[in-house]
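As structure tokens, the structure follows; a few thoughts come after it.
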Amino acid sequence: DDAKLDELKAQGFARVAIANEPPYTAVAADGKVSGAAPDVARVIFQRLGVKDIVASISEYGAMIPGLQAGRFDVVTAGLMMKPERCASVAYSEPVLCDAEAFLVRKGNPKHLMTYEDIGKDSSATIGGPGGGLQAKYALKAGVPSDRFIVVPDAQSGLKMVQDGRIDVYTLPILSINDLVKKANDPNLEVVAPVQGMPVSCDGAAFKKGDEALRDAFDVELAKMKKSGEFAKIIEPYGFSAKAAMSTTREKLCASAQ
Amino acid sequence: MDWDWNFVQEIMPTLIQGVKITILATVLGSILAAIVGLAIALARRSPHRLVSRSVGWFAEFIRGTPLLVQLYFIFYVLPDIGILLPPLVAGVIGLGLHYGTYTAEVYRAGIDNVPRGQWEAAKACNLGGRHTWTHIILPQAIPPMIPALANYFIAMFKETPLLSAITVLELMNQAKIVANSSYRYMEPMTLVGAFFLIISLCSVVLLRWLEHRYGKIER
Amino acid sequence: MTDWSGYLNLILQGAMVTVQLTVMGAALALVMAFVAGLGRLSRFVAIRCLATAYIEFFRGTSGFVQLFFAYFVLPLAGVTLTPLQAGVLVLGLNVGAYGAEVVRGAIRSIGREQYEACTALNLGRWQGMRHVILPQALLIMLPTFGNNAIELLKATSVVSLISLADLTFQAQVVRSQTGSTLMPFATILLIYFILALIIAWGVRTLERRLARGLDGVRV
Amino acid sequence: MQVMPGEKLALIGPSGSGKTTILRILMTLEKIDGGHIQVDGEQLYHMERNGQLMPADERHLAKMRQKIGMVFQLFNLFPHKCVIDNVTLAPMLTKGVTRVAAEKRAMELLDMVGLADKAKAMPAQLSGGQKQRVAIARALALSPKIMLFDEITSALDPELVEEVLNVMRKLAAETDMTMLLVTHEMGFAHDFADRVLFFDRGRIFEEGKPDEIFRHPKQERTQSFLKKIIAAGHRV
Amino acid sequence: MQVMPGEKLALIGPSGSGKTTILRILMTLEKIDGGHIQVDGEQLYHMERNGQLMPADERHLAKMRQKIGMVFQLFNLFPHKCVIDNVTLAPMLTKGVTRVAAEKRAMELLDMVGLADKAKAMPAQLSGGQKQRVAIARALALSPKIMLFDEITSALDPELVEEVLNVMRKLAAETDMTMLLVTHEMGFAHDFADRVLFFDRGRIFEEGKPDEIFRHPKQERTQSFLKKIIAAGHRV
């Protein structure tokens, strides 16, 4: 009775949006898509009878409009659940959970440990993805929008911190850690987790109206969580399966309200 | 998804902010392009083959590669060699350099169009190289090329949205930020398109006037 | 530590997409240039207006904005294009609008006497256009078409912003994989430049071939 | 004014007197404000419909143009086509003649104007006289009933004029086409024409047999024109 | 060849014989392949350094150019500057003369050529003869020792020639500058020059007092040249 799923089966693949931000999502040198979120999605879609996933890389800000415009079938990119998003898309149950981190220069010269610190220091600038949780938190903590720089991708954020264009770059802890590991730059330092920020979790995000597909996805996800297969996929990337299993979509979508 | 006038009203002030930066970038970029173009045109006429050749190739290279990538290069790579530019400055330099290679061609044609007799008269008046350029050649060469230069400035205006890729808060970037946080693309993008169309059409009128005013020189 | 050959492979894949976009965009642009360019010379007011509206619209707005519009707003109106389709469509229509003016200018530059010879030989309007006027005008258009093709090549870099995996986009991917900013950008700048040189060379060769036999008639 | 079938007419007169204009009107290159012109028994610029005369449409004009050919002062060859293609183009396109047939006919015509060996040459490689002879062959290829020639030698170097006039003589002798010729070569006009029209200020000022006009012009203006022409070195 | 200070020389000869070329060489507008030229006791294209002759540098050339002024066939006024600015520009820039002094001198010169009332006009508003007189004033403003004139009347309508020649006569009478004049106005050359040089094929073919050359040329080629000139309507 699920028309969307039948369509995907017939087509043989599902189109997913990713961000190319390891360890959530990544594209390898050979062009193969990996990362914790797509890996989970791939297995579930196979169980549902959809042979493969085809990923296109997108800016965070463009993901939900793209989903609504029918450019992707699902977003598996570490798009953290928050109430407004829950209202715009149909989330699956939580998949990856993580807390926020700050990437700063060695010694954290401006002593920026929280969003409030940034709000108070009128010379401090913070960079983060466009239209994300981070921008909302920053605004709430008194950071004016001209000190929140929208950075198109993680590598640019890292570069801007290195070059001193921004004081802080914020992403989930695991993303920041991965970034720092690759950069291998002793002049960087990570503040993690950022105090006062709740742990947030992402889920696979479907278009409103594709709830049947989402529910089928959830059934397979629950089975995987139970069998331990879920943990086997995400833990090598550094994520905690326990964290994802200890909360629900309902809680996360309601919590911030 | 339906058009929402309330939303338009809400985002208008933000977009106007962007328009201001867009215009600022265009004006500064144009000034830089006018100067860079002149410098390239003069360097290409240099009697030193090494100078004229290498400037020639440099200009070809800039003209043959995308502005977007050049902007990335200026913004993200130059800091590695210690040149750290604020986004707007990097953007203006990118625009000015890129379009400078186009205006250089305009200058070249303008200078070539000054009759040989003017060079010779300048020499017969015993004017030196610098005086010949500043008092005789350029004052005659520049007015006729104003329309052609203006053409490129309009083209440059239309390429300023690329600056959003290096975090300049111009019109396109403001629209993207609005879209990112509201998940509505229709209104901001349509408005951006409308802004560009209106300003471009106005500048066409300006261009016609410039052509009329400076199109030719009486001899 | 870094697998350069793998990344180079990614970049080459991107170059394929860029070439594909350029070729398909150029094909569409060529068709549009002739359709709209001839449309502006039509006897019928309605066709002339339509062609003028198309040309002014696409020349008046920013290509970047058009792309975002086609990619994010058109789907809301029920037209969903793949990134490749959106890219080819926007680039082709955009460059085609500039090309239309080239076509028109070249056709109008053919002397009256050629039209009169056609009438005297009782060729129909379209026959004269097809066999006598266009073959001559083509030679005049060619150099400008070459420049337009290079502009098109450069404009393809913008599609990276709607996540089409072209050269610029792959450079961004490599950059986030390796942490190196200089290498990918320097590499693609070079590739773009080489592609531009190839286009310029190709057009020059074609021009020389077409001009054969016409020596001494036209400069 | 009336022209008989097969008649050879020479149009002479001072500059700006309307000689070119009348040929261009016959070739429908120029519009007329009033008056009627009949060619081969049919209205040129008008057509009869329901017993009324109406301005002609493009189809009627095309039909009438089949009957008329024109050779221009500046040749107006198609520079991008070789000589034989210049000649075959119109027959193939407008009469649906096959390439083989068109080329056979073209070679005959080129042979007639003495340029069979230049069939594959491009116009740019020809001298002015050769170009003009190709232009004549091109106009003949459509087998018109009336041929118009507008100062076809005046853009040529003096030494090339004769080769074109020779072709014209041959043409006059061998065919019975109606021919209208504008020229400043009075000697040639004298030998060639059955009748000479002297134009001045847009109208026919005097007409008659060549001998009458050239030897014994009645009008003073005709006399003074001929005197000027002779002074400028043209033979009569 | 040698020219005395204050001497007035007329250069005549057929087209392409090198008259223009020699003036352009003196004005350093053209390069020379070989030979030496001395102006006012100094080498023009060479300079002495450590007892050796070396090609001159730009500074030496600029110094030498101060001694020489030139008036062109096509005036070459600066079209973007008004008449008086055309005259004052070079003195102000190259000699550091103040604006006031330069304008005073310019007004004297414009007065001399009869154009004091046109000081504020733009070149485009002047007739050819007026333009040429401004060009003469402009060259004089630098007070050169030697003035070069290259067919300064041949681009003018016949009725304007005389006004320029009158200025030249005045100039010859009032100053003791050395003057070299290329002209086809033989009558004027005769009255004006102390010595006439007849050029042919790049060399001086005959020279002498005006009377000798114009009345009794020794060389046949000079005779035939003068005959042609007279036939073309120039008075001698």
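Residue numbering begins at 1 within each chain, and the chains themselves are lettered A, B, C, D and E in the order written.
Throughout what follows, contacts are C-beta pairs under 8 Å (C-beta built on N, C-alpha and C of every residue); 3 or more make two chains touch, one makes a residue touch a chain.
If you're wondering where the values come from, they're calculated on a predicted model, not measured in any experiment.
Grouping of the remaining chains in the absence of subunit C, by touch: A, B, E | D. Contacts with subunit C and subunit E are shared by B. Among the remaining chains, none touches subunit B as well as subunit E.
Taking each chain's centre as the mean of its C-alpha atoms, the one that lies farthest from the centre of subunit B is D. Ranked by number of C-beta pairs in contact, the top chain pair is B-C.
Least-squares overlay of CA atoms from subunit D onto subunit E yields a rotation of 175° to the nearest 5.
Spacing of subunit C relative to subunit D, judged by their CA centroids, is 46 angstrom. Look at where the CA atoms of subunit D average out and do the same for subunit E: the two points lie 54 Å apart. Between the CA-based centres of subunit A and subunit E the separation comes to 84 Å, rounded to the whole angstrom. Counting only residues that touch two or more partner chains, subunit B has 1, 76, 165, 179, 185. In subunit A, 62, 65, 68-69, 159 are the positions where the chain touches two or more neighbouring chains simultaneously. Not a single residue position of subunit E touches two or more of the other chains. All chain pairs in contact, by the document's touch criterion: A-B, A-C, B-C, B-E, C-D. On subunit A, the positions that touch subunit B within their shared complex are 60-62, 64-65, 68-69, 88, 130-131, 135-136, 146, 149-152, 156, 159, 162-165.
Put simply, subunit C touches subunit A in their complex at residues 3, 6-7, 9-10, 13, 71-72, 75-76, 80, 83, 163, 165, 169, 172-173, 175-179, 181. Considering their complex, residues 1, 76, 79, 84, 86-87, 165, 167, 169, 173, 176-177, 179-181, 183-185 of subunit B touch subunit A. Taken together, the subunit D residues at the contact with subunit C in this complex read 27-29, 58, 62, 65-66, 68-70, 72, 74, 76-82, 89-90, 93-94, 122-125, 138-139, 142.
For subunit A in complex with subunit C, the residues that touch the partner chain are 20-21, 26-31, 56-59, 62, 65-66, 68-71, 153-155, 158-159, 182-184.
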